[in-house]
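Scrolling down, you'll hit the structures one after another.
Look for chain A in each of the two complexes below; its partner is chain B in the first and chain C in the second.
For the complex of A and B:
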């Protein structure tokens, strides 16, 4: 189960502020939803199920986009290790 | 009733490479419980802070410390005879030594300071930073002091390019080869003298802390910042408060171990693997100190209180994500102001006068 680091603030608009580094990022609405679900403690399967039932997307396409997104979060060191 | 104090402050050069004078004055103007008369001490007639509205009440020219301590102190004596200075806050690295040495003499004049000790000041010099790192268990980049251009060719054996070429007090440039090192060596040494410090280039993000030690090992205030916009001189034109536990731990430990007295700025590089390297310790309040005030810690006010012998409770929190952005602004003045300062060495702030 992945979680966004504690010192990272994500606003409703998708603006992300890393208070440890001072870096800022912006998320699109889908990114905001994923981060929200992560912070609620949902695992990858639960997040995937949520998107498959709420959006018109196939499992393969969602998961490929999801893993891309997670790797970017990792690259910017935004995920709790 | 508000406490009336007269404070003398240097560093009014609010340019694109600003001295901390104006941000310190601005912070003090916001301090509650004081009715302050601010005396600006200026080395040059065109230091912008002299002419700014609501900052200094009066400015006096002072001679450069390189002219000798006695001349400078004579001038301070003259000024305090007229103004009765309670506290002097020097803001330039190059003048600190003179004021620290003269601490007793200043006190005899009735002028309080709150400065590091000579030992604290000397041991954190760029030229001896590796020794400092060893003593206090801090990572510092490898460095070598150069006193002659002929030493430059030896660098290849010890360093990989790029390297940083730094002056004793000011200036730092990245050099990618011997030729660039030579060029910066000549440029910096002509301005600031020798030695020139060659420092290993550590790749990472620069983070800074403004802090205040009470001289007994306690950190009275500390605020972390990351530069968001940097000028061609490497100065912050915009920045944001950050908090990183490791960075703050280093700061608190350093102040505890060294019993640092006064304001300071720590410049560190955080590498991608989370290591911290101390690249510089500036023994005074930095020019971005007003960010700390905006984030909830009025460090200049606390310094003023410490200088006056008050006990000050540590400020332990601040608002993250507080930002600053500098700007430039053209003030319109009259030649008569410039004339008065040039001819008499003194200038009452006209903006103050018109308000009265």
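For the complex of A and C:
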């Protein structure tokens, strides 16, 4: 289960502030929802089910988008290890 | 409950730099139609990728250019630069508008003849004219622009052998104040070669010296360079009149006008920085009209502009093959458009836009072509929305040089279509296939 680091603030509008580095980021609305679900402690399967039932998307497309997104969060060092 | 529209999740780092006072936005406005024809229909009918040319744009731009010069100078003649785009339908579109032909090889010369251009309306430029080419050009009374002394002596010999007076001009290069100064074509003005060539032509009495020609470079952003070059040609014309009482019939200022594409490394887009036809026309015609050439005998002004006339009329439509992440997290989108067909991507930051509505959220993206070659990059860095496999894109302003400099490499060269003024789509060059390539190959018997 992945979570966003504790010292990272995420606003409802998708503005992200990393207090550790001072870097700022912007998320699109789907990105905001995924980060919110991650912070609620949902695992990948739960997040995937949420999107499949609420969004017009197939499992394959969601998974490739999800893993791509997580790889970028990792790249920016925003995920707790 | 209706399900919500899904777009790929995106996170972008915010880079707080010095604000750009020009405030260029990242918003990409999709292009879904060309001259009223839907991009998706063009791709469905003609395949992907496909080059699309607009007759309307060709005509509109030609009229703009012609008007800029003809309202400032009494005698103007355009000659279509074949090397810029020598697909027959394109050449014929320009010829219908009144353009003569400007060719630089025997192959292009043949094409111009077969496109119905009378021999005496073909300008034969360039360093590569062999004896057979020159004999044909002399026979047809074409305007031969001499590039070097060996060619000059060959033409003098052919004049003897054919008993004809070849119609010739010399190409002149000079310091006209721009950098780089082209000196590989024609005769130099400052070192006296241009006058040497003119003297030899006049003293031989075997050639009909009809014009003077220059072509100062390519993608020239400084109209004053043309003004300076026109002054030099006017000076030579006046000198010929004084010395030999010989009046030349035309001054050919060549081409090289910039199109509105943006060069790599340019700070501002080409659409903001490229001079208009009016600016080029003002510089050239002022220099000629203000010179001491006898006003009763003003030479015809020839223009061979290619790029600026055809670039905007061409678009390249293609599709997304796939997406991936690069080592540093940057998105890479792979298109079916490669450098094999978009040669100009080596020097332009081409405008690439989606052909359908996309997310307003963009990411720093590299656009790659389909070739298994590292150099196959269409755009190094572009703010681009997330695209799915099969999504379509439009590359703007590709009408110049791509359909002549393209390479048959790894895959086939695509189809080219022309949309006429009525919105009807015509195939003007078919996509290559295995037979078009293999028809030129020969397998030796021992390998069969």
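Basically, the second predicted complex is superposed on the first by the 81 of 81 C-alpha atoms of A that agree within 3 Å, B and C clash if a C-alpha of one lies under 4 Å from a C-alpha of the other, contacts with A are read in each partner's own complex, and residues count from 1 in each chain.
Please note the rule applied: contacts are C-beta pairs under 8 Å (C-beta built on N, C-alpha and C of every residue); 3 or more make two chains touch, one makes a residue touch a chain.
No experiment lies behind these values; they were computed from the predicted model shown.
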item	value
Clash or fit, chain B versus chain C on superposed chain A	fit
Partner chain(s) touched by A:50 [first = chain B, second = chain C, both, neither]	neither
Touching partner for A:9 - first (chain B), second (chain C), both, neither	first
Contacts of A:73 with chain B and chain C, given as first, second, both or neither	second
Which superposed partner A:22 touches (first chain B, second chain C, both, neither)	first
More chain A residues in contact [chain B versus chain C]	C
Closest approach of chain C to chain B (Cα atoms, Å)	6
In the complex, chain B residues that touch chain A	205, 207, 225-226, 228, 239-244, 270, 320-321
Of chain A, residues touching chain B in the complex	7, 9, 17, 19-22
Chain A-touching residues of chain C, taken from the complex the two chains share	3-14, 16, 323, 325, 328-329, 359, 361, 388
Contact footprint of chain C on chain A as seen in their complex	16, 23-28, 30-31, 33-34, 51, 53-57, 61-62, 65-66, 68-69, 71-73, 75-76, 78
